[in-house]
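In what comes next, chain A is part of two complexes: it sits with chain B in the first one and with chain C in the second one.
Right, the complex of A and B next:
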């Protein structure tokens, strides 16, 4: 990083079906929480970066930058970024660039998605916008379908069984029990996962992250300091269609982003104690662990069967159990990593956020100064 | 999904490139297909097509699909939009025919340098220059033909009767064959496997100056990856401009009658369409504007292949 960038304030809404809250209400709630947590005031915000994927299509609301800026008393400049489910990581990366360039000293990053006002088939169609509209969509595939193809191939190549895959969601639900913001604070057994209805074979309902309302905000600063510093912010991309790849059981975008991030932070994988990774479907959690380099290819499931003592994976409950308000997810991951590092008094944490089927990937590394 | 007629029309233009047989790499059953598609569960596969490209496509039939299943394309009514527009698209049907296992087909025996271009683009000139520059590494593969010898032929042809040609073809000894029909000639041209394999044994790279059907056959027989394929195009911004450039060259060459030039031009137009449609069959498209430039590109290609072959082959074979 060109400058020391600190995470000085963080806040999020309850994730879930928030029938009483609008898109604007969700943003207000998260922004207020983040500013309350920060050592500066709302007037110190130089620019707002909004992360959101679907508002035009499902909330009939474009112009989200200005909408967010209007929540602050001085209406600072604002912009919105969209990179499907990776919008959050891209917003953070954009904020880091603004800070590194010196254009701003305090950037408010807010991610928001309001999904439950819209029927689920319409949401599914909108989410399909993350794939290739010309190459993928005409076949009639859905987003769970793309991960169905990935899971089927993965099981074929590595012999992963249905029972094993079900551990992933079980673990995520277990961890969400302790997260007050999580959408599903209840446990599910792996038998329940294996018996849930099929969505896109072999993906079942309880393999999928849910439709969620929620927002998360954080304040990044070069002028104020805190115990949490961003040590790496890396962004990569790949083909929008999985048909243009040589392999579908690994995402090169994740590998590349992880390599670069570890290099930028000058740390080893073994230094990391906390990760929040992108588990839009249970199979994605395994690919992510392998591509980030925490497990050998085909071995990701071992970290779910026998959770290691020195590495916390998706302590928030992940996208599966904490919820996946698309544009808010990347921001939530970063502030979760910060919260867990503080709580466990550990030094290094990593947030991994991708959009589409590993099309855009962002990896952020957070350093907690324990002293 | 937006079903506007313009989107459908654009998609249809590209459809032919997916009308190939292939092998299922993975599959899923989408239990709740998107709006506009039939409501029943929909089997969709990631399919590797014969040309090496991949596509997502619906798979028909009642039987469960397995990875590695061979499928063939066919047209099916996909959906009818609100305005009543019926959209047809390619779906894939499992076939009983067992395809050669993918990995075997992809085994590279050796490399071939192929130069393809419409008549009059300057293939022979380029080849002549090339053989002077890289004669040590590469050798021209003779074309076996049923046509009569001509005065200007160098030693690029071996001549057989039509009957002999058919016999060799039936025995599978000719692995690429094409008939060029026209008003002025109706001849067979082809390549024999033994000629290509002989050059490999000498440790050299077989070079073919060829046309689209022969290129397709070679690519089918030896696998697309065995061929470093260069397309040679006449200069020009549009197909029409390229054709008038060719016409100019053919007339300047003064070898052919006007009738034969008309034939050649018609074939050349097909060739240019082929370049557009089967981009996958070419590694490089080179515009023949400056001979030295073209030869230097090809020289680099041969050097690259030579290195690859040296790595592939045991020393004593060289």
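Right, the complex of A and C next:
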């Protein structure tokens, strides 16, 4: 990083069905919480970066940068970024660049999505915007279908069983029990996951992250310090269509982003104590662990069957149990990593966020100074 | 600017009805033209910033950053930014930050919109996403309606006549005659404008920028030099709803952006020889000239009735006659300013781009070194 960037304030809304809250209400709630947590006032915000994927289509509201800025008394400059489900990480990367450029000293990053007012078939169609509208969409495939193909191939290549895959959701639900903001604070057994309704073989309902309303915000600063510092911010991309890949059981964009992030932070994988990774479907959690380099290909499941003592994976409950308000997820991941590092008095954490089938990937590494 | 940023390559597609070209085709055409114009290859592109407003909703394609990156052989990191009709200027501002941060040395900025495949009532509804979905949209108002109110009030305050207003479109069409990329290369008389169908009183059809397909791309660099340097990049915002303003005949966001840009470039208004400004409706051209400080309030029309010899306004034909593919407009403005400065051997030019009713504003100043 060209300058030291600190995470000086963080806040989020309850994730779930927030029928009585508008997009503006959700952003306002998260922004207020983040500012309350920070050693500065709203007037110190130099620029606002909003992360959102779907509002234009499902809420008839574009221009969310300005909408967020209008919540602050001085309506500072603002913009919205979108890179499908990776919008959050991309917003954080954009915020880091604005800070490193010297153009801003305090950047407010807000991620928001309001999905539960819209019928699920329309949400599925809108989410398909993350794939290639010319190459993928005409086949009629949806994201559960794409990840169904990936899961099928992964099981074929590595011998993963349906029963093993169900551990992933079981663990995520277990972790969410302790997260007051999580959408689903209830246990599910491995048998329940395996017996849940089939969505796109072999993907079942309890393999899928849900449709969620929610917002998360954080304040990044070069002028104020805190015990949490961003040590790496990396962004990568791959072909939009998975038909253009040589393999569908690994995402090169995640591999590249992780390599670059560890190099930027000058740490080893073994230094990391906390990870929030992108488990849009349970199979994605396994690919992510392997592509990030925390497990060998085909071995990701071991970290779910026998969770290691020195590495907490998706302590928030992940996208599966905490919920997945698309634009908010990447921001939530970073603030969760920070919260868990503080709580556990650990030094290094990593947030991993991707969009499409591993098309855009963002990896951030956070350092907690244990004084 | 923290570093010297040069405009080293520029290209655009024909603007208009491009029924045989997809979003990808349009981007590819503009990117190829920009790279052909630049002293580097596609592999030198470190990151791609895409500007687009409507594709998620009207083309079922989000994730345009990755889509643009997939056109390049090495699919570099990429993101999309959106701030309604100001998306182009916001993408340029984001690109400047990425360059100033040192994270990138060559940024490809691509603006694109594909609008003519969609019925005009759906385009009007999608464009209303630029306004406030809670405060403005429920009234049923559209953008021609909003600018109709603005025009009505402006005429009341300053005594502007319908006949005078018609000069604005007449001049824009006159300029577009020389622009091979313009959507409308035909003259219109002042009488034709005044007699064109009423859209939202007093706004008539020939007061409105059209529905357009098109793309524009440029390559900004800190590692290669050219005769065109970005001397200022400023972004501002205002309340999303005009109901929250004290006046509707002036846009403070434009005033602020202009003040800051002239300060950043350390030049005077009288130094500027070329302007491309945001004339989404003819009345907007007058507000823009006044808010940018080139005319006193109520006097903008004088610069259309008697065009000054030392200041070229919308030499491209403006949004009215060149066309307004929303996400591409801000990029087209900058590359047009560069082209005109070179052609006329002048030193200073300005690009002014706004979104919503003056909600987000971006002003860029370009310096042409006349060796």
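The rule is simple: the second predicted complex is superposed on the first by the 371 of 371 C-alpha atoms of A that agree within 3 Å, B and C clash if a C-alpha of one lies under 4 Å from a C-alpha of the other, contacts with A are read in each partner's own complex, and residues count from 1 in each chain.
The definition used in the following text is that a contact is a pair of C-beta atoms (placed from the backbone, for glycine too) under 8 Å apart; a residue touches a chain by one contact, two chains touch by 3 or more.
Just so it is clear, the structure is predicted and the values come from calculations on it, not from any experiment.
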Original post:
Between chain B (first) and chain C (second), which, if any, makes contact with A:134: first, second, both or neither?
Top reply: both
Original post:
Who does A:224 touch here: chain B (first), chain C (second), both, or neither?
Top reply: neither
Original post:
Can A:199 be said to touch chain B (first), chain C (second), both, or neither?
Top reply: first
Subject >> First, second, both or neither for A:40, with chain B first and chain C second >> reply: neither
Original post:
So, A:125: does it touch chain B (first), chain C (second), both, or neither?
Top reply: both
**OP:** Kindly classify A:311 by the partners it touches after superposition: chain B alone (first), chain C alone (second), both, or neither?
**Re:** neither
**OP:** Using the superposition on chain A described above, determine whether A:248 touches chain B (first), chain C (second), both, or neither.
**Re:** first
**OP:** Applying the touch criterion given at the start, work out whether A:142 contacts chain B, chain C, both or neither, answering first, second, both or neither.
**Re:** first
**OP:** Have a look and say if chain B or chain C is in touch with more residues of chain A.
**Re:** C
Original post:
Do any residues of chain A touch both chain B and chain C, and if so, which are they?
Top reply: 125, 128, 133-134, 137, 241, 244
**OP:** Flag every residue of chain C that touches chain A in the complex, lowest number first.
**Re:** 2, 22-24, 47, 53-57, 59-63, 65-67, 69-70, 75-84, 90, 93-94, 96-103, 125-126, 128-134, 137, 235-241, 244, 355-356, 359-360
Original post:
Can you list the chain A residues touching chain B in their complex?
Top reply: 121, 124-125, 128, 133-142, 144-145, 148-153, 156, 197-203, 241-245, 248
Subject >> chain B - residues contacting chain A, complex >> reply: 1, 11, 25-35, 37, 42, 44-46, 53-58, 67, 78, 89
